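One chain, subunit A, links the two complexes that follow: it is found with subunit B in the first and with subunit C in the second.
Right, the complex of A and B next:
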């Protein structure tokens, strides 16, 4: 006897009413278990996605800030993340310092790099054709990769920061991931307050809105350009440290490329000139990237992971069609 | 008239003699060309391969006295460029090595994808193409004539692993397969799946992940929910690190984890910060401690060529200028040098077709173990794999039992 149940047919091979009812109850109980498992998996993945999204968001804020203020797309963005990863790795393995201490160190190193590249390269390119600045930031990225390769070699490295885990009924969360998320939220909040409550923050926002107007009002636009570029790079390098707290393996000079791609998607999603938009878009991106896996896995005969990876680009495509200015862009 | 015939005959004889002596004259050197992975994702394996090749060239030139061709001992030379672990680099460099550097043989880069990319180029120039890093069976199903494999076929990688687990734990049944969506990993895991089913195991989870993945959390959470006892997976070094690390993050504790082409690398333990790698296993073509010797070769009726294991290790260290123990990438690349030398000597020629024919018939043993390829396809059939496990920061051979340097820790320690 063939009985239709939700999700597929059930073929009954027994011959009594009792065994039929037992078999059906087993089928339903398995179905309930399966559905419960899927919901648990989805919830767990969404938690991990939210945590990762926070770090993605912070990693993209620098890109948006730089584009917003000096109108330059930093194609070497991922390579600055790589610098941050090596700062964390070196401080942990050579100096024995916690990645938490590496966060301010990365900010200082990142800002120093930002000022250096601004005054040596970017200052001359602010009004140059877009292709020139694209090539310049691309070259900066390659330079950083090769310097990192010269110093650290091309090996894939990692470190083990044993700070424990939290075991929830639906998933296990390493404390290092939680710290990375909390760090990202705290930094994003600090930036928000700094941008809205301080004179320099207001000056940066005014240059983002209208640089000529800001100049007329007495803002030193050239200095704001330099400072914003340095803060943008500092944030990016700092996010490299937070990313290694999330994923402390695979640290190598060429790790940046994948993150550049993700950062572009997130930046466009959030509205290219809005650092806060980028942060929220990062959270959304993380949630979708992780959550979609569970849903795609329900489709029979489909490999969910490659679909999940491509989903980000479908999102970008769709958003460009529907709202090209991004979620929080004007 | 007679005089002119005589002149022509003398001319032909003299010219023929000169041609013949030139043809049979040994070249001044034999050049091995190699698009090496000095940078990019396969840099780690690439460095090992270069070390292994240089070590064996050093042995051939300075211990063995050079390759014996036409009664003369001639040295080997090694010409390599960085292919950056990219297919386009491999194809253009092979062309350059053949046409500009005039090499006598080309060694493949690393990985099935790169090896497969380079094969048509070598084939176009009828150049012997020796594969020490491409394990996919598919490479040898394309009808290439000049390719010869030293590394074992991918479909056999986990045969020993699963046999070993069944030997120690006949009740273990639930197997999860999670692997990189690459030519090599697909072939390896296809073989593992087939063998697991043959052993009566149930595949409770089977998923792939794309190359260059930076977060495996969703996939591993899914795998955890299926409650596997044995996890077989990986693909290459970087995702092998991520795999174990995130299994630990998610507290996925199983009886056995075997990761392909990553866990066997010496740097793996350090990259994971030590503890997480404990108990992780990996199939290997060679491990330091495997006991192959001239005596053993004689026992099984094979010729022996090359340095002994310790001699190879010291030559490897000298070649790289680093105090590191070579892994199987180094050993298989080195053994390939020995196979080429043996084939050239057997044919007393450097002619590509003759050398390829000699490689097809060649059977020998070296520090790397047995070497024998299928005459037609060039696929390696004479080399057996071992399984290693990380134990207290050391790589211990745990299978086959006759080659084991320690006992398997089973079930593996918790992450």
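Right, the complex of A and C next:
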């Protein structure tokens, strides 16, 4: 896709940022010149960023939960987002089912994958050296990618869930994105209540705080490890379903890696072991990403998409330097 | 008196490093039994292995004459074995009340939750005053009380304490030992007390084992150990 703005100041070659390009092309096609229009564009993109940020937040909660409970950084995290995207795609295009039904299906598939990988791989990594767990989770991600390629092929695919749109003076929001945002908030809120109100949720929190303390209270810590990993993967696969609302032609077996990186940045931003911190950090990240994209696009001779991708690295670098416990951490 | 806990030739360790070299020990029902020894001789590992946090390599563990050697920790807690771990291991992000409720996590303990709360609040009134305060913000002495209280919430018959006086001011050490004696005399618990503080332990316990390099080097009634200058000089430094 190429978008020429201001007589060809830059060329945008995007594949997973269709959101931005859609709104960009819409607004730019009206020959934007005044600063007022730039602010309008920024405001519009920030709304899209916030909506996407909710999904980012949900996608990172699983990473934080898993790191918090079993102390393993899952480098194959983004590949589970990819699994969710294919769950949604398959259910929509093959079975003709709406993404609303794909969400519980993704939870079940994700938790099943979570239990499978826990008992085959993760269980052995809990007390293993970091390098071992990095390699093993990396391999787990590659395995998922290659299985997805065998089944679906390497092409970019997508679908569009046409459920109407809202036209605001500054931008147009497809209802599918709004539903995805509401869905991620509802899931995050449900998880919060489940954690704080139920016996098993409290047990998970206690293991996050002090697994030895939980053990002497009679918590079956190895079961909590397995369950938390499965829930973490379930959340991640669900977020993959919601993400498809934002990437109409961006579903591909290798789409996950970029999201692993974003999830790391968001997790650090949110304090690494706090799933709620991760959710709010996701909102912030979505806003920063889309806001920065809009502003980068104003710089003549600069390709904004690669610059936006590098932004995550810069944020990680800066955060680790300035506040390694996370913006929202203790 | 019948046996509450009996350990025979226990062996365990971490990775390739063996820590326990076949210690055997018995705790009689209703007694205070003490396991004494300096730092780093395997006392904590002994307790963790009894409870199953550290896997036993060999040897046998009996609780009320039933073998429990390879039961998982949560099943042992169900049976009524509680541990007050070294280093407290409280849930700092939860308040005092939530920590206590976590103590009553097992289904067997939930039934008695009101009685248990009443007991721990009567033993440690300060915890009731501070029940909404974060556990991480308590003083060292209060945290030690909370750790003991949380263990009591599991509704144990046998309570194993790992150096409860460690890091406490001398006046608080006295209080902790008084509490331990109260737990035996008034609440009717059986106690296995692991300590470095030989003086205070010999006063509280009726039977004493002395551990060194992962083995039991001496045992006897508190009076016998106190009376043997050889043992005191060789292992206790008093």
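Quick note on the criterion: the second predicted complex is superposed on the first by the 282 of 330 C-alpha atoms of A that agree within 3 Å, B and C clash if a C-alpha of one lies under 4 Å from a C-alpha of the other, contacts with A are read in each partner's own complex, and residues count from 1 in each chain.
Operating definition for what follows: a residue touches a chain if its C-beta (ideal position, glycine included) is under 8 Å from a C-beta of that chain, and two chains touch if they have at least 3 such contacts.
Note that this is a predicted model, so its numbers are computed, not measured.
Contact comparison for subunit A: of subunit B and subunit C, B touches the greater number of residues.
When the two complexes are overlaid on their common chain A, residue A:199 makes contact with subunit C while staying clear of subunit B. Contact with subunit B, but none with subunit C, is seen for A:293 once the two complexes are overlaid on the shared chain. Of the two partner chains placed around the shared chain by superposition, subunit B is the only one that A:305 touches, whereas subunit C remains out of contact.
With both structures placed on the common chain, the touch criterion links A:210 to subunit C but leaves subunit B unconnected.
Using the contact criterion defined above for the overlaid structures, shared-chain residue A:120 touches neither subunit B nor subunit C, since it reaches no partner.
In the superposition on chain A, A:132 contacts neither subunit B nor subunit C.
When the two complexes are laid over each other on chain A, subunit A has no residue in contact with both subunit B and subunit C. Subunit A contributes residues 199, 202-203, 205-206, 209-210, 212-222 to its touches with subunit C in the complex.
Across the interface of their complex, subunit A is touched by residues 38-41, 43-44, 181, 207-210, 212-215, 217-219, 221-222, 225, 237-238, 241-242, 245-246, 249-251, 267, 270-276 of subunit B.
Residues 37, 40-41, 44-45, 48, 52, 149, 153-162, 165, 167, 171-172, 174, 177, 246-250, 252, 254, 258-259, 289-290, 293-294, 297, 303-306, 308-309 of subunit A are the ones that touch subunit B when the two sit in their complex. Residues 51, 53, 72-74, 77-78, 82-85, 88-94, 98, 101-103, 105-106, 109, 150-151, 153-154 of subunit C are the ones touching subunit A in the complex.
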